[in-house]
Amino acid sequence: MATDTYDQFREDMLGRANVADTPELVDFYHDLESQHAGALWTVANKIEPWEPESDSVPVLWEYDRLRDHVLRALKLVSPEQAGRRVVYLANPGRTDVTAAVGWLYTGLQVMGPGEVASSHRHSASALRFIMEGSGAFTNVDGHKMTLGRNDFVLTPNGTWHEHGVAEDGSVCIWQDGLDIPLMNALEANFYEVHPDLQQAVSFPIDDSTSTWGSPGLKPAGETWSKRYSPLLKYEWEPTYEALCRLEKVSDGSPYDGIHMDYVNPFTGGPPMSTMGASMQLLRPGEHTKAHREVGSFVYQCAKGHGHSIIGGKRFDWKEKDIFVVPSWMWHEHVNGSGSEDACLFSFHDLPTMRALGLYRVEGLAENDGYQPLAS
Amino acid sequence: MATDTYDQFREDMLGRANVADTPELVDFYHDLESQHAGALWTVANKIEPWEPESDSVPVLWEYDRLRDHVLRALKLVSPEQAGRRVVYLANPGRTDVTAAVGWLYTGLQVMGPGEVASSHRHSASALRFIMEGSGAFTNVDGHKMTLGRNDFVLTPNGTWHEHGVAEDGSVCIWQDGLDIPLMNALEANFYEVHPDLQQAVSFPIDDSTSTWGSPGLKPAGETWSKRYSPLLKYEWEPTYEALCRLEKVSDGSPYDGIHMDYVNPFTGGPPMSTMGASMQLLRPGEHTKAHREVGSFVYQCAKGHGHSIIGGKRFDWKEKDIFVVPSWMWHEHVNGSGSEDACLFSFHDLPTMRALGLYRVEGLAENDGYQPLAS
Amino acid sequence: MATDTYDQFREDMLGRANVADTPELVDFYHDLESQHAGALWTVANKIEPWEPESDSVPVLWEYDRLRDHVLRALKLVSPEQAGRRVVYLANPGRTDVTAAVGWLYTGLQVMGPGEVASSHRHSASALRFIMEGSGAFTNVDGHKMTLGRNDFVLTPNGTWHEHGVAEDGSVCIWQDGLDIPLMNALEANFYEVHPDLQQAVSFPIDDSTSTWGSPGLKPAGETWSKRYSPLLKYEWEPTYEALCRLEKVSDGSPYDGIHMDYVNPFTGGPPMSTMGASMQLLRPGEHTKAHREVGSFVYQCAKGHGHSIIGGKRFDWKEKDIFVVPSWMWHEHVNGSGSEDACLFSFHDLPTMRALGLYRVEGLAENDGYQPLAS
Amino acid sequence: MATDTYDQFREDMLGRANVADTPELVDFYHDLESQHAGALWTVANKIEPWEPESDSVPVLWEYDRLRDHVLRALKLVSPEQAGRRVVYLANPGRTDVTAAVGWLYTGLQVMGPGEVASSHRHSASALRFIMEGSGAFTNVDGHKMTLGRNDFVLTPNGTWHEHGVAEDGSVCIWQDGLDIPLMNALEANFYEVHPDLQQAVSFPIDDSTSTWGSPGLKPAGETWSKRYSPLLKYEWEPTYEALCRLEKVSDGSPYDGIHMDYVNPFTGGPPMSTMGASMQLLRPGEHTKAHREVGSFVYQCAKGHGHSIIGGKRFDWKEKDIFVVPSWMWHEHVNGSGSEDACLFSFHDLPTMRALGLYRVEGLAENDGYQPLAS
C-alpha cells in the first residue's frame, strides 16, 4: 500500500540516508509507530534538506483589485461586530496558518469617519503602513498618533492599542502587518480585551515622534527597558528625505539600491523583537541584482512603479500594490521609470532570524547576477 | 455545505469577532478567496486565542520498551546506509513535523564497537545525553570528546560533527535532541556532508572541558565570537556535585526543586542560540507545585524514579525514561523515593522564547498549587 | 616637627580611624616608610572621604575677554610651529594636569583662511563646538566635514584628523574638548603623526551626517564595530529643532529644562567611550532646581544669556561664554530672558562614570531645591 | 627666571609643537595665565606623549620583611581605633595618592582571634587574597565566608562588609586590593559606616560559592542585575586544579604561561567593574617572553619561587612576596624551579581599561623577546 512506503526520500550519496524498504524493515517501522516512534533514516533526507525550500509562493496583490473589496467590507460589517474590519492576504501555500508569506500575516484595514475599534493587546507584534484617507489615528498605550500617507507605525507586542478615524476625516485604509502566525506556531500567543474597551490618551499627540524622532539625539536621562522602540511613528517625509540624502553620498546596495532600516533609536536595533521594516529607493532606471535571504518579506510600493523578479517570475507593481518574497528565494527589483525614483516599503522577520543566528544572504553568481525569467 | 461555513469561531463578547454568516457575506468571502484574500473576522478568534493551546500532547516513552527496538536497529541498518542509526520519538500531535514536542526533535542513537558515522553539519543545533555503553566519542570541529553516562554534550549549529564507538567499547545509546523542526519551520535549514566524510582530531581529547569547565575561571585573553558555548561537554559527576552543593544552601524552586541550567561560560547565557538544558534534583519525598511556561520541554530521568503530572495526567518515570511537556501546560514533579534524591535532565526551547521576548511562567493558584488528576 | 605628624585626619567616630600619635607609633611609621609602606589608619579618613570633594573650582571664561588673546595667537604662531594654534583653559585647581575641570581639557582653536594643521591621531578623544567664522573644515579618517556655527563634531580616539579653513573663508574659532588629562592619568596616551602629514579625502563631503543623521533610520545592512559613533557631525539646526519639538510634548527636567544627549545612532549610546555631550534649552524665565552629579562638565552658551549658580556662587553667561561644573557640586541654571529661550551646550565624562558604574545624581532637598547664594 | 621658561618641551619635528620663547610670546603667556588660560603649544608635547610613561616604579615587597611590621601593628592599635588594621604598600612614585601602582591600592590586613572590624561600605571596590592564619571570615551584604590560604574574595563597590577572626582561630593576614586611588581621582568616592556597626549573617555560610561556583552551571531562573559577580569567593583548590587541567591541553601564553582570569559566572566578564584578577602557573623552568600592557598590576606569589624582569630590572620572589608592574612597562616571569610549578596571583585595572577602550598589549620584538637586564 502507498502508506507503507518508507523509502521515498532515499538519496544515493554517502552521508545521506539510503535504506531501501524490506519486509523486515517495514515490520520494524510498524512496531516503532505503535510506540510513537520512527526510524530517522526514513525521514532524515526530508527533514534535513540541502537548503530551505519555502512553503510559500511569491504573490502580488494589486491594490486596484483589492480596494473595492475592502470598501465593500465597510458596508458589510461594523468594527464592533468584526473586532477589526480587515481583509487579509492569504498566500496559497500558507492558507492553513493565515500567512501572507512564511509566518507573517498582512491585511488591509478600513475605517470610516467617526469609527473606532475597541482596545486590546496580544503577544503578536503589529505594524501599520498608511495607504489612503485622512483623519486616522491610533492609540498605543496612551500615545495617540495621527496617521498620514506612507507613515510607518508600531503596535508592539503587549501594548494596548485601538484605532479610529476622526469625525471630520475620510475613509482610511492602511496595511497591517503582524507576526500572528509565528506567535501561534511558537505556541506563545496571548490575547486580552481592554477592561474599559477604550483607553485614555495619556500623552500629548504624537509625543513619541517629537521625543525620539530626532537625528543623533535622545532625551537626556530617559531610560527605556522595553524590548521595542519608544519611537512609535516614523513619518514619510523625513524618511524620504533621508533616502535622498543618502543617495547623494552612497552607491547603495547592488541588491537593494538606496536602502534604510527603521530602527529603535534607543538601541540602534530593530524596532520590535520579531519584525523589522525598511524603505528603499530605486534610482531612475535601476535594476538591482538578484540575491536570496533567509527570511520572509512583505513589500508595498510606496512611490513610483516597476517590477520585481521573484523565483524567476516577473511581478509588476505600482503604488500601493503588495507582494511577497519567500525565504531563500532569488529576487531582484526594477524601477520602471527612467526619470523618477521608486520606493518600496517592506517588513520582514529578519530580527527573528538574527536573534536566533539564522540569517544568511547570497548574491546570484551566474548570468551577471540576473535571474533568467521562467517562461 | 460544510466548507461554506465561515462563522464557526464566533464569540459573543465585545472586542472579539462575532459576525454571523449571511448569503451576502458568504458571497463576499468567496470573492475574497478568488483574490487570495479573506475576511479577518472569520478567523480572528482562531488565530488570536486567549492563550496558547499546544498542538502537542504529553507523552512518556519507557526506556524498557524502547530499548529493544533501538538494539534491533543495530542489526537492521548500518550507519553508512542510515546516515545515523536513530529511532526518533514522535509526538502524536506533531507527526507531520517529526517533533517530540513543539518544534523539538529527539531520538535515541545507537552505535556498536568500531562503528563511526560520517561527518556533516547543519543549521539545526544538536545536543546529546548519554544513556549507556562505554567507548562512545564525538568529534565537534576537531574537538574529540569521550562520552560517559549522563554527560551532556553540544553539537552547535554549523559545526562539523561525527560520532563513533571505540573498537574496545560496548554498544552505546544516547539521546539526541535537535531543533530540526524549528529550523524547517523557519525555512532556515541547510545541510552539508563533510568533503572528506571524516574529520581530523585537531585538539587534545576533551580539551573544551579542560579549558572552559572550571568554576569562576576562564583562560585569560581567550576570545570567542561564536553564538554557542566553547564548553562542549558537561560531565555528570561535577553536575551532580553542583546540585548537592546548591541543595545545602538553597531552598530551591517550589516548582522545580534544586534546579540548574547548563550555561555558556563565556557569556553566562544559554549554551546555544535556540535550545537550553537543565538538570534538576528532587529531594527525597519532594512534590513540586504546578506551573506552566511558554516553551516546550523534553525530560529524561537521570537518577531515581518518580512521576510527573502534566496537563492533569500522571506519568511515572524511572531512569532513562523520556517524557515531554508541551507549551503552557501545567506540570509538577514528584520524587518517588522518601530517602533518595531523583534527577531530571531536560532540554527546551527557552532560549528561542527569551530571544524573542516571549517567555512567560505562571504558578497554579488554586488547590494549594497542585493539579487535580484527570480521572 | 610638622612632617612627623601622622594624626591630622583623625575622626572621633566609630568605624573611622582615630589613632593619636605616640612616640612608639611614630617610630613604627618611620620604619614602615623605610619599607615603602605606611599605616592605613594614618590616611584612611583622607582617602576614604564621606563624599567626593573635587580638586576643581567653578570658573567662567568670558568669550569677550578671551577672544582678543585667541586672535593675538593668530599672529604670534603658525600651525606648523604650534602643531595646533590653541589657547587652553586652565582650572586654578588643576593646572598641574592642564584640565579645565576634572580630567577634561578644553581650548579655543583659531585658524585663518587657507591654513591647515597637520594630521595626527592619539588615544585621547576629541570634540569640537564651532563658535565663529566660515569655511572651517575637519577631516576625520577621510570624512571631510564643513563646520558651521554651533555644530558639534567628533574626533574619536584613534582616528586620523586634521583641520583647516578654506582659502575663501574667514578667521574661524572653535572650542576643542578632549580627555587628554584622563588619558595621561590612566597612563594610556599614545600619539602619532600621520606619515604623509596630510590625509586624503576618501568620502563625499559630510557623508557621515547624510548617512547616519536621519531620525529613526539607519543604512540597511551597515555594520559598525568601532566604539564610537559613525555619525561625526551633529548640526545645529536640526538639534535646535529637536529641542523645540521636545519642548512641545515634555515638561523636561526640573534640573535641566529641555535636555537632549547627542548619541551614537548605531547603538543609542554615547558618541564616544569616555565623553558625552548634550544640548539643553532653558525656557523663557526658567530657573532650574539644584542637583549634583558624579562627573565633570564643561558648558558653552550656544544661545541667549542667563546665569548658573555653582557651589553657591553665581556665574553670568551669554553666547560663547564657557564655564565648568566640578564633580558632586550643586548647580542650577537660569535663563536671563523672560521671552527668549537660552541654550547651553555641554560636554562631560559621564560615559566614563557610567562605564565604571560610578554615576550618581542627587537633587537638593532643602530650600525648595535652590541653593543659597554664598555672599 | 626659571619659571618663565615655556619652551622646554619643544620637539623638532613636523606635527609637534616647536615654538621658541620670545619676549613677545612670554608676555602673551603671562597675559593668558592671568585669564586662567595658556598656550597649548607650550605643553602639547608633554601632555600628548608618544606613549605612556608611568609615574610608578616597579617595586617588590618581601613578605619576610613586612611580616614583622604587620604583626607589630597587632599590638599597637585595635581595629576599633584604626577602623582597619592595615599596613599599606606605597609606590615611591605614587605616595601622593597612596597607591602601590597606578591607581591601585594594596595593603596587608592583620586580625587576631576574636577580633572583628566594623561594617561599612564605599564606592571603592575591594578584593582579598588570603595569606596566613585560620578562622578568618568576611561578611559581604550578609553572605558570610570563611577564608582559606590563597582564596580570592570580592568586596564589590557598594556592598556592606566587615571582617573578623573566630575566637578559636589564629592570627590571620591577608592582602587587600582596592581601587581607592582611582575612585578619588575620578572624584566618585563615597563612604558610609553601617548604622548598626555590625551586620547580620543573612545566608548560609559560603552560599555564594555553593550557588555560583560550579563549572558550566548556574541556578535556574536566577536573575542578577548588579555590576559585579554573585560569586564572591574563589577557592584556591579548584583554582589550582583548573590550572593543572588547562596545562594538559594548552600551550598557554608565551607571555604568561598557563593563565586564567577570575570571572563573573553570570556574565563571563570581569568580577568587578574596575578591577580584575588572574592566577597563572609557570611550568618548571618556564621563562616567559616580555610584553607590555596598558594597565597596572599587583602580583603576589601564591606558590613556588622565581623572578620577574620588569623594566629591565630583576625582582626575585617567593611565596607571599608582592610586586608591581606599572603601565606599559616590559615584564617577563621566570619560574625558579626546574621541577615544581610556580603560581602568581595578580590583580589589575584591565576592566577599567577595557571599559574605556584603552587596553593595548605588545610583545617585545627584539632579542628573541627577552629584555636585556639593566646593569
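By letter and in written order, the chains are A, B, C and D; residue numbering begins at 1 in each of them.
What we mean here is this: contacts are C-beta pairs under 8 Å (C-beta built on N, C-alpha and C of every residue); 3 or more make two chains touch, one makes a residue touch a chain.
Molecules present, by chain and UniProt name: A, B, C, D = Cupin domain-containing protein.
Quick caveat, the model's predicted, so the values are computed rather than measured.
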{"item": "Chain whose average C-alpha position is farthest from chain B's own", "value": "C"}
{"item": "Whole-Å gap between the CA centroids of chain B and chain C", "value": "53"}
{"item": "Intercentroid distance (Cα basis), chain D paired with chain C, Å", "value": "29"}
{"item": "Residues of chain A touching at least two other chains", "value": "none"}
{"item": "Chain-chain contacts as defined at top", "value": "A-B, A-C, B-D, C-D"}
{"item": "Chain D-facing residues of chain C, complex", "value": "13-19, 24-25, 28, 31-33, 35-41, 43-44, 47-55, 59, 61, 65-66, 69, 72-73, 76-77, 80-92, 98, 102-103, 105, 107, 118-120, 122-124, 157, 180-181, 183-194, 197, 227, 273-274, 294, 296, 326-328, 352-353, 355-358, 360"}
{"item": "Of chain D, residues touching chain B in the complex", "value": "203-204, 206-207, 210-221, 229, 231, 234, 238-239, 241-242, 245-246, 248-250, 253, 256, 259-268, 278-280"}
